[in-house]
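Read through the structures below before going on.
One chain, chain A, links the two complexes that follow: it is found with chain B in the first and with chain C in the second.
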Partner chain A sequence: MMVHNLISTILITGENIGVTVSLAVIFGGLAWLMYRSIKGREVDRRVIFLFIFVAVATPIIFTITFEFKATPIVRALYDKIESLPENSTVLLSYDFDPAMAPEVQPMANALTRHCLAKGHKIVYMCLFATGQGQLERTFREVIRPEFADKVDGIDYVNLGYKAGNEGVLNVIITDFQKMFPTDVNTVPYDSIPIFNNIKSCKDLDFIVSIGGGRPGIKEWILFVGDPGDIPIAAGVAAVVAPQLYPYYPNQLLGLLGGVKGAAEYENTLKDNYPRFENSDTPAIKMMGPQTLAHIVIMLFIIIGNILYFREKRLGKHK
Partner chain B sequence: MKKSTIIIFALVVLVFIASWILKGSTNEGDSPYLQGFLVTLAAFLTLAIMSFLYKDNPYYKFAEHLFVGVSAAYWMCLGFWSTIVGNLIPRLSRGMSDFFQVPYIEGDYNFFFVIPIIFGVLLLMRLSPKGGWLSRWPLAFIVGTTAGLNFVRYLRSDFIKQIYSTIIPLVVEWKGFGAFFSDFTLSATGQLALMGTNIVIFIGVICGLIYFYFSKEHTGLFGRASRVGIWILMITFGASFGYTVMGRISLLVGRITFLFKDWLEIIN
Partner chain C sequence: MKRFVPLTITFFVGTLLIFSVFIPPMETLGENFTLFFDIIAVFAFFLGGGNLIRVHFTKISRKKEDWPFSFVTIFGFLFMLAAGLFKIGNPGDIASSVTAPDSLFEMVYRAVFVPLGSTMYALLAFFVASASYRAFRAKNREATLLLIAAFIILLGSTPFGTMLTSWVPELMSVLQIPNLAVWIMSSPNLAGQRAILIGIGLGVVSISLRLILGLERTYLGDDGA
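After this line comes the complex of A and B, so read on.
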């Protein structure tokens, strides 16, 4: 489907000379490499890096985007937030660092947009120290410019980072205040209106962990979701997503896996909320480079296999 | 040092100084030259790390060593301020809480909080040639409590609940062939897809377990099931590899976007 979309983009937007020329260079170069490999010439690894760079850079400079339909596992997370009654309390845990940010920050921003637009209250916290900085990005990019009417302490609260990994989760499942006596602005727990009826994680309506390392979603499932029977979902970096699929749907309500999951969520949000029509959609933009880079990688796998079988036929392969 | 190395070094320094001055003069805000310097430095470090793809070089080594040093210092400071000052001191002493300017937690004082301090000091004894053995006590405590804490959680979530998740109906919402064909859909949430998913899970688990069962020779029907198990494992590894590629490409997209947008300003 994506290959079809890509070809349509090339043919229909023929006037976009930059895209056409770049794609011609990439695929022409690959055809030349294929010819060389058939002739028995090896491909230097640096040539592969160069092709990947061009394949990634081209759609960034000459924007190529696609439409995405949410898969059931992404839709489940979206529908859960939709189905919660207004004024529900959702906890978003920023369990990631700048290294994971290109993949998971778009998820965090999209989830924040969705929750606030739906009228839910958000409790922010981090199990990664560096998550605090990423949380500040959400405040700067989403909350302040798009939800200026929302009030700190009433509509959302930032509890910040607390050291202790799964130890933190082991405490907040019974008592939030014990681990977070104040928010990041040193406002005492008892004075924060959002916590009027919340003593522990069991009083929350929904929890979403956004991350991809340890501590992360696995710890949330083990220490909070399963023992407390609390609905949990996750947005994770692509590297860990396959390890989390076995938890779906019984222990994990929904999962955004990598930038594709984020793009599907952004697309669903844009389709259903006209107010986000012009909001930034970094994950959708990232899928252009992803698609092209994947096609190039697949073609290199084919070239590598041609070379392998040719050498095997000639008896060179040991 | 070779002449060519010096020329390349001088060129790199010149390019990045020019970039700093250009960015500083075009930036708007409170401290444009500082912002320009930070963006230029980030761009230099990004390119220095990426230069390893060509071959190992001093710029890569510099960036790598800088990263390791800064990370070590960052995590050490963070450990002190978030664990000792953030978690311990507010529960131990009002005077020290005032000194470190963290809010004292009333009524949470417990003498036993001194024990983690002692264990923390004992852990550092590892650095002493004679008292190194003392660090084994806190280490034993950490290993013991972590194992105990995780044992129950893993048993419940990764063992019992996973078995429960595998025991699923192979025929979903069956109301007869008539209803099946009249409501037929290839949608991912349709009856056919759900039944297909459950059957794949069932066969995958059984064949995967057979592959790891070594008390019986893998021949005949058992051997064929074992080979299906291998295929299931290979598909799983392939899916993991695909996801890993997607993750790495995303990171590359992040860095290239930074270079084009924040540094070179050739895209919006």
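After this line comes the complex of A and C, so read on.
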């Protein structure tokens, strides 16, 4: 039964024959490498690269996807946005560069979809110079095609990038205008309707920092969240997520960690908002390659340990 | 005098910024100092850009190893600088956003920089796999513990983790792999991270005090003697 579930999950979508053949090649090859390792043969680095390539490429070519539930830490962020009353103001800070984008851009896009669908207003800004380019991506992929009725300055505003790292945060916690006298299109702060009742970060209802580097979520917590008692959540690359657990759940309301966190958020959004049924879900698509790559890595670790114990045993015999 | 001036400035600014946090009337002063910092941070870009050109011109003129790459660096830097400064192809005027849709800057960013960045990041998967195979071996008790934890976290971050232990009864759900992964992250990992954070915090306080009091002088450019 379990095996049946396992196989049927792999084959939820996709071209069955292609998937079966590809998986047979991957796992058959790994079984053969395992047999070789028992005989004491090392695996060449290029063979490992080849297996990882096939493991990543197969789910992309045959669109293997998985179903999963949101973990409590992801659900907490989703529920917070759900629980905010309509017309709340949410700040999304794009603190990342293109290298980190495959993991965190899907989070940024999903959060934008969620906030705008709920009728919240969004203030965009970035602490990374490259964040502004990533912001444009959200405008191109989400806002313009899916929320054409939303108006710049009323439903959302783009403040862009400002140099100064935590120095920027230190100022906007008391006065936004001092640091951002205009938005990215040089519209003066005073004439942007979204800022009618907003003087500083303390007037915001919720802040989400998306990124994983420095400056990033830690700076947001230390310089804005804690001193201003403002609810904060984050979406970060998988390698950074473990470092943020000490802040959860008191200083950090919720956390999306890596592709899995993004995929859980996209899944929850799709389940609860039928309008997003056909929206692009890059994180869900990426979970296929990530899952297979993880399994291949684990099997290579096992092969490495078989070799190690074999050598150790032979060493003892000598 | 050479040391007295910077030491005095450090003492004055450091003390003032500490007081500005605890004394409400001084808050505005602290804020203004932060604004000065932000302005200085902008000038760091000029310094960085100038330094980049100087280093690579030197490399080209002396024909050092891999000098042709320096041409690419300088060309890329000047090209993007011009595209951003003069808003080439920008549908708005000179005051509009540098990343406005269809501007040259945005186009090159999207078509060149984004794919290059993503490619570099994607290469990590290959090196992680190779390094895991070679280094992740149960050589002793600590390494074995690390190996087990890594396996649980890796499995827990895939749907296979859920499927493999879905037969475990609800009463013992803590033994299901995703729950074990959560436990590892929120207990042993949390304890370790907190210890590191507290250590860093204490270190920052101590080094800041040493800087303000003039005991730490290495930032002056010599051994502080």
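Just so we're on the same page, the second predicted complex is superposed on the first by the 302 of 318 C-alpha atoms of A that agree within 3 Å, B and C clash if a C-alpha of one lies under 4 Å from a C-alpha of the other, contacts with A are read in each partner's own complex, and residues count from 1 in each chain.
The rule is simple: a contact is a pair of C-beta atoms (placed from the backbone, for glycine too) under 8 Å apart; a residue touches a chain by one contact, two chains touch by 3 or more.
As the structure is a computational prediction, the values presented were derived from the model and not from experiment.
After overlaying the two complexes on the shared chain, residue contacts for A:Ile61 are found with chain B alone; chain C is out of touch.
With both complexes superposed, C is the one of chain B and chain C in contact with more chain A residues. After overlaying the two complexes on the shared chain, residue contacts for A:Asn250 are found with chain B alone; chain C is out of touch. Contacts of A:Pro188 after superposition on the shared chain: chain B is touched, whereas chain C is not. When the shared chain is aligned, chain B comes close enough to touch A:Ile221, but chain C does not.
Residue contacts after overlaying the shared chain place A:Asn158 against chain C, while chain B stays out of touching range.
Residue contacts after overlaying the shared chain place A:Ile26 against neither chain B nor chain C. Legend: residue contacts after superposition of the two complexes on their common chain; A:Val43 is shown touching chain C, with no touch to chain B. Touch criterion met: A:Ala293 reaches chain B and chain C at once.
With the contact threshold set out at the top, residues 49, 52-53, 56, 71, 99, 101-102, 162-164, 170, 178, 186, 238, 241-242, 246, 258, 260, 290, 293-294, 297 of chain A are in contact with chain B in one structure and with chain C in the other. Those residues of chain B lying in contact with chain A across their complex are 53-54, 78-79, 82-83, 86-87, 90, 103, 105, 108, 149-150, 153-154, 156-158, 161-162, 164-165, 188-189, 236, 239-240, 243-247, 249-254, 256-257, 260, 266-267. Listing the residues of chain C that touch chain A in their complex gives 27, 30-31, 34-35, 37-38, 41-42, 44-45, 92, 95-101, 106, 109-110, 113-118, 120-122, 125-126, 128-130, 132-134, 136-139, 147, 150-151, 154-155, 157-160, 162-164, 166-167, 178, 182, 185-186, 189-190, 193-194, 197.
If you check the complex, the residues on chain A that touch chain C are 2, 5-6, 9, 43, 45, 48-49, 51-53, 56, 66-68, 71, 97-102, 130, 132-133, 135-137, 139-140, 158, 160, 162-165, 167-168, 170-171, 174-175, 178-179, 184-186, 238, 241-243, 245-246, 248, 258, 260, 287, 290-291, 293-298, 300-301, 303-305, 308-309.
Residues of chain A that touch chain B in their complex: 46, 49, 52-53, 56-57, 60-61, 71-72, 99, 101-103, 129, 161-164, 166, 170, 178, 181-182, 186, 188, 221-223, 226-227, 237-239, 241-242, 246, 250-251, 257-260, 286, 289-290, 293-294, 297.
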